[in-house]
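This report refers to the structure that appears directly beneath it.
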Amino acid sequence: MMDAARTRAWLTAAARLINANSGHLTALDTAIGDGDHGLNLRRGFEAVTAEATGDTPGAVLKAAGNALIDATGGASGPLYGTFFRRAAKALGDAPEVDDAVFAQALAAGLAGVQTLGGAAEGDKTMVDALAPAVTAFAAGGDAAAAAANGRDATESMTARKGRASYLGERSIGHIDPGAASAALLFQALCSVTTD
Amino acid sequence: MMDAARTRAWLTAAARLINANSGHLTALDTAIGDGDHGLNLRRGFEAVTAEATGDTPGAVLKAAGNALIDATGGASGPLYGTFFRRAAKALGDAPEVDDAVFAQALAAGLAGVQTLGGAAEGDKTMVDALAPAVTAFAAGGDAAAAAANGRDATESMTARKGRASYLGERSIGHIDPGAASAALLFQALCSVTTD
Amino acid sequence: MKKLINTPGTLLTDALTGFAAAHPALDVDVRRRIVTRAPTPGRVSLVSGGGSGHEPLHAGFVGPGMLHAACPGEVFTSPVPGQIHAATTAVSGGAGVLHVVKNYTGDVLNFALAAELADDDGIEIATVIVDDDVAVEDSTHTAGRRGTGATVLVEKIAGAAAENGEKLAVVAEIATEVNARSRSYGVALRAGTVPAVGTPGFTLAEDEMEWGIGIHGEPGRRRGPIAPARDIAAGALDAIAADMPLEGEVLVLVNGMGGTPLMELYVMFAEVTAWLEARGVRVARSLVGDYVTSLDMTGCSITVMRLTGTLRDLWDAPVETPALRWGR
Amino acid sequence: MKKLINTPGTLLTDALTGFAAAHPALDVDVRRRIVTRAPTPGRVSLVSGGGSGHEPLHAGFVGPGMLHAACPGEVFTSPVPGQIHAATTAVSGGAGVLHVVKNYTGDVLNFALAAELADDDGIEIATVIVDDDVAVEDSTHTAGRRGTGATVLVEKIAGAAAENGEKLAVVAEIATEVNARSRSYGVALRAGTVPAVGTPGFTLAEDEMEWGIGIHGEPGRRRGPIAPARDIAAGALDAIAADMPLEGEVLVLVNGMGGTPLMELYVMFAEVTAWLEARGVRVARSLVGDYVTSLDMTGCSITVMRLTGTLRDLWDAPVETPALRWGR
């Protein structure tokens, strides 16, 4: 069951994890991108922490999505912003939703990311962590573990989207920074739903 | 006794020494100047080798002075150029001169350097090698050794002329590059006069 | 890390404060991070933007004959939609606004969201995506070619067209044509350092260089032994010519990456000119200097644009910005 | 050593070849190493020169409103008398020629010899020696203060006076006044490398900087821990203000040393402006960028000139050179 408080708890847990791992995310992005992913998301999630309030899960997620779009910049800002805004839209104004409905909302968020960014699974992006996590969540499985596996699987992939794609085969051997941050989001989600 | 051939032999010996020690002179100038003294003098003495010809010692030295002024640049070009031009002037058009006359010519060259550059002994310049060498030559002593001693004495001096003077006391502990090249000139001179 | 900054966190604000003080003819909103000049009512305006660290791009190109607004993001990070929208609104003259966007996922997405906001406000937007970098060889399996040196050419020439009173569709078409006729290729001798990171984007040995670099500190296509200027010019121009046959009159930009002295850029330009003229290509216009940089990266990029009479005239038209100025 | 060059031995020729190709409005004699433009008969002409490695100085300042000729020497080595004389003769318009000379023994001596040659040819020469660098504290026990950033100001303002038709004595007097009213101070984060030498002029640890550097790779007055931009600005301005009371309206040049990105120079300019304005000094004119460099040195110099109405008007007068361009 998700209500506004638990949704917000998810986001603040995510913000803490992003903040704690910001240097690591940036290091991953330095290897195959432009070295700002951790900085971007830390800035973005600071705004989320400050602005993502509301009376329903949908309202909280919509505010979070707007905050991310307004404060993050880069590729990840609009993508994660869209993830939360689409999820919010799917939730409507229900004050409480069960896990099945929440799972559908996450799936809608993922679809939004894929429509906006055009990335499929295997392209070595955040999608590679988001997609298995969303599936696992819907199936009542361990979404955090699924996201982490998806993240780790990006290491052997050749990037076809985002900056890392410029490296071609030289992107192999590095974990995608966006997949790593997506895994943190699901780690945070599981920390507030499994209790 | 100096005639045109021996004067020219002096200059070509000097050019060989400068060329062989160019890197060392540049290294000295990198420490307390701008790192070009060896490059400057190598260029200058290449021109000397090509252009310093004539029927009298005076003609050879005048051509050498002009070549140095035309090709060297930097502080050392006009100073060494003036050294040779003033010496040439003192020699007039005598086809052969004895050592006493030649010594007077060298003294005139030194005076020219000091008038143009305004440096006194102790200012940590080429003058610190030239002056004792000129004196020793006049006294029939070992001018090359005197120049080398003068060169080595610059190590403990504080520079008051040229670029090294900007370093103030930080110039202490380094040999002056111009004093080092002046010592090479007298080493070359002695190699052609003591035989 | 060695930089003339206060702290990485205040870098952008500090730099914009300095920019504002140095260029009083422009309006600089340091807090909202937008640099603008007054639009001409009834004329098309041009807005560009992108991550900081590429100075003088883009703020240095705001002024008569070129851009109307620039919105710098954080270092190497695209600006955000609200910021782009504020710039767009501030300079809208009623005849539509051209967004000049370098082809990076972040820039493209954020400008697209800003265009939606403008649409909500009834401001007509056209967008040109600049993607001139031939070092990105396989654009179907990548995010597409990067936008680099050609951005300056697009902004200058489209700016002149807007100044001439052309309609939005025409200005956009000209901008698209400039991009289509331009190709770039860059090399690095030393990577730049993102201030907030503190270490270089990649590390090269003292005898190595990187071929095919972008402007965001990302490594290039391949690494090789350091080469003479002549070979670097030939390598870059071979890559460009393989992609776009070079002939007739061209405009050449030899662009420094931020840490390269001008003297070396002139050496590169001499080699580029020699290579082109030996193949019957005439360098009719040129620009040598730092225009699209990558923090303190050492290296350069070479951009070649095939000219037409119209494009040449628009290039020659007066421009008066901090970084590009000519004509009377 | 990492540089975009062919060989150290061909660097100057290659760079001049590129310069010539990039600036067809100027006459470049690559062999004799002189850059000239046509003099105006009956008007004073300005000739400057010095070692290479300081680009755009001096060739980048040849053009209407500024210099008539530049003669670049080898890297960090003054030009030779014959070369200076050839430049002087080429641009003499019959009303005399002003030699603008930075105060380095080599430059002073070679220009003095060139002035003698001009005198033999009946060309009237006046010489202004630029010596603005306050980092040289004790000028009675040194070769005197070095000429650095103020050279640009002298060349611009005296060039405008010549363009106005002033007589040689007046142009020389104005040039002297600009120098007298200007002071500079520079810092380095990393030394430059003379190409023919291949190693940096001095070496700093990753957390060190050098205060009071000149423009020839020589170390400065002291070494210290790397400092924030604010403290660097304050240190430089303290040294300047201790030497020349700052008041009224000033012109500020924040000059990059060749390897410093523009963004950092704007940060420095913000701090310099804040320091001055907090003390009631108004920054009425400014210039931020690479003007008097030192190969690939990382760092900057700060120049402050106390303005008068006349000097400000001459500064504002039109100028059209490769590196400085404004007015109409």
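By written order: A, B, C and D. Residues from 1 in each chain.
To be clear about the criterion, contacts are C-beta pairs under 8 Å (C-beta built on N, C-alpha and C of every residue); 3 or more make two chains touch, one makes a residue touch a chain.
Note that this is a predicted model, so its numbers are computed, not measured.
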Chains touching both chain B and chain C, listed by label
D
CA centroid of chain A to CA centroid of chain D, Å:
54
In whole angstrom, what separates the CA-based centres of chain C and chain D?
29
Using mean CA coordinates as chain centres, what's the chain A-chain C distance in Å?
31
So chain A residues touching two or more other chains come to none
Hey, what residues on chain C touch two or more of the other chains?
none
If you go through all the chains, which pairs of them touch?
A-C, B-D, C-D
Residue ranges of chain A touching chain C (in the complex, touch as defined)
26, 30, 32-36, 39-40, 43, 69-79, 116-117, 158-163, 165-168, 170
Show which residues of chain C lie in contact with chain A when the two form their complex.
51, 73-82, 104-106, 109-110, 112-113, 135-138, 141-143, 146, 194, 196-197, 199, 201, 214, 216-219, 221
How about chain C: which of its residues touch chain D in the complex?
1-7, 11, 14-19, 21-22, 52-53, 55-56, 60, 189-190, 206, 209, 226, 228-230, 232, 258-271, 273, 283, 286, 288, 290, 293, 295-296, 298-300, 325-326, 328
